[in-house]
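Order as written gives the chain letters A, B, C and D; numbering starts at 1 within each chain.
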């Protein structure tokens, strides 16, 4: 798997694509994996086996497209809660995702100390994050500054939702990164809603990308339902950025196909017709269709892949459910780092 | 009249205040759709233009409320979770709390900031926090922490009428858990008073929010064992009702303070210090605090969450120890 | 005086100017008054009679030009510490300014409770402010929202330095005001420095005005050493704004001719040659020259005006020095508003 | 070696740390030019590229430092005045304090935030604040409050070496006021310890910063009157050295806590509560607190400022009262 996450098309790109056939299949696989995991988590939540789910359904193309344009092991992620698929590309396994969803003791992200979907893995260069939106954008700037000072060539991928760009920390992070020309990719997944609030309540400009103009940061809007387009946009920006081109702001226009979280009732504020319209653009369906149309893979091969993923997720959930919970007194400890 | 929940009491008080005073308006994230806890359900329809969705930015929710209040409106801001108020710490501490003082009363701010606090809902580190110690240390801002629906109603109305900034803390675990018939229930109408809600001779327990209810449950259990508890519902953090607190401490000579917040620097320290200074001669035992452990925040998993939060059993155990002292 | 602060040119504009002769003289008078007050305050500070001075020297044209485009008694000010001259236009007297500088009991701004230059006067619609920069921009948005809800036609003038635009509150205020199309004039006095830091350390764009593009806010750069140009720019924006045109962002390029404050030693970071270059553009000198050149007033008349101001300031300082100090126990009281 | 001021001790420790560890860097507003108090004077020249002027934005100073520390650098951030740290409250409370805890030690933050606090310089409401009560209530962040130059040096070095976030508070009034020969002076090298700096039999005084020096001056004066003071230099707010505090309290049975910060919810409350719980049986008098009054912030005019701040005379008076109890 690791080789395909590499963003270079060593084996030769598939005609009409910036990626090899293997990479394209990998791309689709990650998207399916993320979707199946989200679905399984929601099932567990409905069964009373998980307390809370916040899913990335509808945003898989944006997330996988972006993450595959990065270099796991080299680049840093400062992701946000919906970014399950980004984490998968960076090495998170289905089993780990399930441990996280269930708050299990051995969840590498937080060992049950944080709500699900609060990612973090130092070795994989995934920065631990809180529920407080947009704070991570400043951490990203700091990491990028550190890498610059040490002469390490990398980019920091910092993502958030469009609503989160209203916060002061968004401004301060883009300002800081632009002043120092730091290698940060600010990636905004504009899914149309911040819980119940539509984008118009968050900004008076049509695009999040317009916000980049305040900082002289090159900014782009990309169709976030199209994984390949996102890949291309992020790849170009990241390549520039890691070579000293400064930060980039990329807005992926996508859609939150599910309610905000397992606690949310979106019928209170979201027109059913709108949802149905967007459901037609489901990024998994779109990519699947394209892969078949363009001769990348046949229906059978994709169905096979889907079945494998299905089984992987089923197994992971079963396995994770059997793993130990944290002990009550595990609430103590690690307040401070010893030694260091 | 049927018993109402904490949430219904809050919602009802908001509607009542908006009904009787045109200057009252509600603003915050998702409030038009009713808010994530539904505290503002129906208000947008009933009071068009006076329920305002804000961008996702807490400093602006508070900063804009300051401007509205200065202008003469009566904003009631909602911070979706108390844990997210901290980006507005500066606006509250450096601005709102000092507005009246720094102008010698030339200007003032009739504003309320409501926010759900406390644990017990698997909210993890950023949806469970107690914030009264931070924000109760800003003279110039009143901080209210009711426990019963009737007090939620009366004190929210009082807060909205108050010409000063009031931080109104709503314990989210009690939103649907605690019910009360409003009619005939004791209801504090003045911000700054505590109330002795139960009298007993052996130990005084002081608490607020969910912990008050746990303390009352413990007291009930202890009564059966022959241990009498005086229980104080704090109701207000700022101003602090030193008189009632000391009266209750003196009544038994033994004091247990219970809060969800972590121990060191928690607001229980102020209560203990007040008693150690002003009721010292009446004390028959060390002043005990039963609090969250000194870890940064409440963990998510229910086993650890339960370990973090004091409950009726641990309260009862602590009272027994004190009684035996 | 009050009539001339009115921004309408009822008596007919002076040829080539958007202001009447009387207004032009008034404009010059305010600028001289602000300068003389700053100078006198600094003298008092050097004599050990005042603890702290933070002056607007070099920014008088920006301040007076802007303030005269507003409507005292109607419009609100959310100014910042350097805005002595803005306050003068809104009715602050020389005596009051001196009470403030000396922290006297009867200073209407804060009665000695705040440092000098922390303005505030409810009746004059000057919003009390703290030392924390940029917070007032959000208060301005709130006032504007209140006025909108109540149907009062006014603008809120909210000013700050260019360094202060780095703060999150700047972003949140412009974002909020633009979403609600509120009548706020965000006026940034770009004096080239934030204490020792040049503008390049605060932003990667050449102009503060570029920051407005993130919000769709009409933004302008104006020569802040030219009072008349500032007047015109602010007047046009305020007129639009008060009629529902939404917020405006105006950057007045000026220069801080003095050190940051009486505590600062600017020789540590500011090239002497740069200072000398800018001193040639001293806004008082520039306006004086123009008034004479364009036949608005003769040298004698201006000299007369200057002498009057000199005397006004001398008298105000003498008077203020004799006024009572706060009593020690005046530290208590007004923590809360009673009644209300 | 000549006596050095607090400021010189800080500056020297910064240079020493940068000299011995390449990962150490300094960032903040105006630090390249030396900072408004000159604490970083000369460093930019001596360590090119490692002294970084930041934009005027406190949340980013702290947020960027978090990123730097996570990456493996050792940032030492300066907040120009403690009063301006509040815009970074969220980054400190919600992020820095929980970094290690929420990852079970997988990640950690070797970062320091230095900032001048305290009154007595006519700084008015926003250049005089005490902030230890707010930031000392965040388990996961260490908070250091030295009083003597030797401790400033040793504890700043310890803070920079520490793998955890440390808030290092420098009392601005003492920057040039307090001098000490570093050689031979007692110097705490471990964060989390308090020190008994004077022993006497009658009353224990606990203080930090400028108030520690005022307390020592009062103790000197009282000794002449025959009243003996045990004086504790707190040194660390978090972790709190309960042992030394209780030992000192037990030594005299009478305790006075002195701080500049306002009374209610100030950190003195935690110290009093600790003693009331763990040294209760040794107490011979109410635990007294001498603090700033409960007003929002220190006023500017020197008459009011002097009224606000405790000083040696008021400390002596409070000790006399306790001694006579």
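As a working rule, a contact is a pair of C-beta atoms (placed from the backbone, for glycine too) under 8 Å apart; a residue touches a chain by one contact, two chains touch by 3 or more.
It should be emphasised that the depicted structure is a prediction, and the values quoted were computed from it without experimental measurement.
When the interfaces A-B and A-D are ranked by how many C-beta pairs touch across them, A-D comes first.
Among the remaining chains, A is positioned farthest from chain D, on the basis of C-alpha centroids. For this pair, chain A with chain C, the centres built from the Cα atoms lie 47 Å apart. Rounded to whole angstrom units, the spacing between the C-alpha centres of chain B and chain D is 30.
Centre-to-centre spacing of chain A and chain B amounts to 37 Å, using the average Cα coordinate of each chain.
Chain A and chain D, compared by their mean Cα positions, are separated by 41 Å. The set of chain A residues that touch two or more partner chains comprises 110, 113-114, 118, 130, 132, 166-169, 172, 175, 179, 201-203, 335.
Within chain B, residues 54-55, 57, 59-60, 83, 86-87, 90, 94, 98, 101-102, 125-126, 139-140, 294-296 each touch two or more of the remaining chains.
In the complex of the two chains, the chain A residues touching chain C come out as 166-172, 175, 178-179, 181, 200-205, 210-217.
By the touch criterion given at the top, residues 59, 83, 86-87, 89-90, 93-94, 97-98, 101-102, 125-126, 133-134, 136-140, 238, 240, 262, 264-270, 272-273, 275-278, 280-281, 283, 285-289, 294-297 of chain D touch chain B in their complex. Chain B contributes residues 25, 49-50, 52, 54-55, 57, 59-60, 62-73, 75, 87, 90-91, 94-95, 98-108, 110, 139-140, 142, 162-164 to its touches with chain C in the complex. Note for the complex: chain B touches chain A at residues 29-30, 32-34, 36, 53-60, 83-84, 86-87, 122-127, 293-296, 299-308.
For chain C in complex with chain D, the residues that touch the partner chain are 51-52, 103, 110, 112-116, 118, 130-133, 163-164, 166-169, 194-197, 201-203, 263-264, 268-269, 325-332, 335.
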